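Chain IDs A, B and C follow the sequence of writing; residue 1 opens each chain.
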Amino acid sequence: QSHVQIYGVVDAGVLAEYGTPAGNTTGIGSGLASGSRLGFKGSEDLGSGLSAVFVLEGGYHVDTGAMGQGGLIFGRQAFVGLRGTFGTVTVGRQYSPYYQAIRDVADPFEDGMAGQATNLMAGNYRMDNSVVYATPRVAGWSAEVAYGAGEETDKLAVNDARKRQFSGMLSYTQGPLLVMLAHHHREDALLPDHVRHTALAARYTLGDVMGHVAVADNRGLAAERSRDVLLGVTWKNGPHRVLLSAIARNDRSAAQRDARQLGAGYLYGLSPRTDLYAAYGHIDNDNGAAFTVGNATDSGNGNAAVNLGLRHIF
Amino acid sequence: QSHVQIYGVVDAGVLAEYGTPAGNTTGIGSGLASGSRLGFKGSEDLGSGLSAVFVLEGGYHVDTGAMGQGGLIFGRQAFVGLRGTFGTVTVGRQYSPYYQAIRDVADPFEDGMAGQATNLMAGNYRMDNSVVYATPRVAGWSAEVAYGAGEETDKLAVNDARKRQFSGMLSYTQGPLLVMLAHHHREDALLPDHVRHTALAARYTLGDVMGHVAVADNRGLAAERSRDVLLGVTWKNGPHRVLLSAIARNDRSAAQRDARQLGAGYLYGLSPRTDLYAAYGHIDNDNGAAFTVGNATDSGNGNAAVNLGLRHIF
Amino acid sequence: QSHVQIYGVVDAGVLAEYGTPAGNTTGIGSGLASGSRLGFKGSEDLGSGLSAVFVLEGGYHVDTGAMGQGGLIFGRQAFVGLRGTFGTVTVGRQYSPYYQAIRDVADPFEDGMAGQATNLMAGNYRMDNSVVYATPRVAGWSAEVAYGAGEETDKLAVNDARKRQFSGMLSYTQGPLLVMLAHHHREDALLPDHVRHTALAARYTLGDVMGHVAVADNRGLAAERSRDVLLGVTWKNGPHRVLLSAIARNDRSAAQRDARQLGAGYLYGLSPRTDLYAAYGHIDNDNGAAFTVGNATDSGNGNAAVNLGLRHIF
């Protein structure tokens, strides 16, 4: 008991979606603001500044009781490693360093609710079979690199499909400023090709207001290429929190599948651990682009959505 | 750790069944008296009489290690909500108000062991995507209403099968008496029709003895209609507990598929948290009725069964 | 919270395999030294020397977040029972008494890492639907017997495939010596035949060194018969631990599919709960024998493997 800490999120609410294949729909959703989760974590002091650390965190759907992440018991995060003066080395299923630039720096919505950045922008969320090294922070600088082995140890060669990934970020913070540069490289499962994302994100705090700005360059298969620009604002005052963001995706391939998203959110803190929230997100798709307004749990079905919910952190 | 409480039940025993398609069988079963479960729950005081509450509770089979409820991690209960002077509002996968009338009032077996009422009577156990409002108790009166959204937010319209449900109960208690009136309405998944159940259940405590009585009216599809009458007794004395119940199901359709069940159970409390139990249930089926004697976890295969087991609550 | 204790293992590392169908492979593996697991256990003092006990323990893959044991929530162990002066009786999914002789006495690797005994020898790990009785230890003697019911209570007779198992062990310990005799009997699922294993294992501690010796006789279907002989050494000194074992399998059937395994391992204890480990295992297969070098979680794909990892116990 003393070696493990239990934590989690229970988040549920009403989800209204507009412009879905089934028209406009309304229902109950789980994890709109933050994915509902249950986690177990711990650390052990090994002396000489060294610690062992682990996290086991699984997602679930509070509306149906089902496991998240397609049926993985610890599908959100699972890793073990060592932390010391040299930094931290961890092994398991882990968030990519790239994702930190999107969730923690660029997106006022922290990758949740209808206005979340990943409706348009690549998230590169998690890497199976990964080794992550994070440096300590020195004079405001820190970095993190990750390598994801492509399941080479599978019994059958045909399952060797999820190929290697590399991800890294470089971060600098000074006073109110945080800047992060991130890159993610994923080998394609079938083609001798790969997908690359590069993002530069910054946020700046001025009193109650935090400004966010990000640019991402995406290079896909077969010369697909696009660029995203995000501008956002977080305003906090007492229990009130307002989130605004605008994202433009510029498709630089011949198809010109551009898109623009506007997102607005409001959270009322009943306590530091419990929020009521409301959010709206809307996407304009050009030339057959098919981006959808999702939330922290679901990728969404329509081009606009309203979220009303309750998030409790334990 | 301080924000979450772990609790559960481990229940296992010997299950003998009679009159099954495979003849008479004997084996090891899980959760005969109470479904084996592991749960996480918590509440947070938000001030002004308001609290946030959550429950995450999953079933499992102690005999095989498998997940319960067909593979749901929190398939028994999963909800989050707010409790205040106005009552409690919760969202998630929750027991129907109707089920409370059966389990908590009508059935001496509390919906477990071979004599359980739901062998014959409808349980209407759980509602996915549900919002439940429970009033506070005022002068002995309380009520609960639930609405279950029909998964309208599914990506594919063809999955929009589990239609809406409504469920409610009204309860009155005074001294030794508890009376509950409950109704459950479920839209059919395919037909423009619905299933309705109405139950009136009461229990009365006199010294060591509690008497139970219940009547349920069931209206199914295509003019199916039936009525159930239950009489039961619970006798408690020190570590001993004896349960008896008799149920008659009167099929009011042309097929006349009536059935009668007799159930008897005995629990010996090794402690308030640990019981040894024995139970017997027997059903007489008329005109091809196919009711089976189950238990808290399994719906059963035969028309009679014996349970011998150990239930530990933690 | 006070009634349940949470415990577990997070184990991850690099797994290199040689001579697999896909050639030589390298990747990240979970649970090489000990299967990664999360468990919940507890006991309740019932007075008069009697206690209720339970264990719920599930495996998982830290490299992918997936559930272990093919998708069982408590696939490692799940049982409830009573412990008293008479011994312990438990019901559920449990390790066979036979497996204790292999893991706890015979194998210096304790059934983990590339050198583990079960690469060649039968493990008879777990028994579903089982009742286990363990005697108390008297004058150095103890015994354990297990009966596994063959899922007779399944709804369909065709699923009644996993037939009954019987398993038992007799153990004697005096000072530095521990001897265990074990037998396991499994009815075949289809044929009116059964598989039987008998093992005699001993270990002897002399200062920093523990010597291991075991002989197993295996009788399979259709007159298959083989014999295994194991010799092993465990050397412990401060944080260092060296494991060595050699196993010869003598196939006494006409096919003469003999095999020999050599295993070597080293663990460095960063603390009593956290180890760095390295291991190597190699198998020589004769006449088409197809034994593979596995680890605590995977049965392996090649005839040799290297493990490098970190195991943290909480």
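By definition in this document, a contact is a pair of C-beta atoms (placed from the backbone, for glycine too) under 8 Å apart; a residue touches a chain by one contact, two chains touch by 3 or more.
Predicted model only: the values in this text are computed from it and were never measured.
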Pairwise touch network: line, ring, star, complete, or other: complete
Same or different residue numbers at the subunit A/subunit B copy interface, by half rule: different
Where subunit A and subunit B are represented by their mean Cα positions, the distance between them in whole Å: 40
Where subunit A touches two or more other chains, by residue: 1, 6, 58, 71, 73
Subunit C residues within the subunit A interface of the complex: 1, 5-8, 10-13, 15, 17, 21-22, 25-30, 38, 58, 60-67, 71, 73, 270-271, 273-274, 298, 301, 310, 312, 314
Subunit B - residues contacting subunit A, complex: 1, 3-4, 6, 40, 42, 44, 46-47, 50, 52, 54, 56, 58, 69, 71-82, 91-93, 128-131, 149-153, 155-157, 160
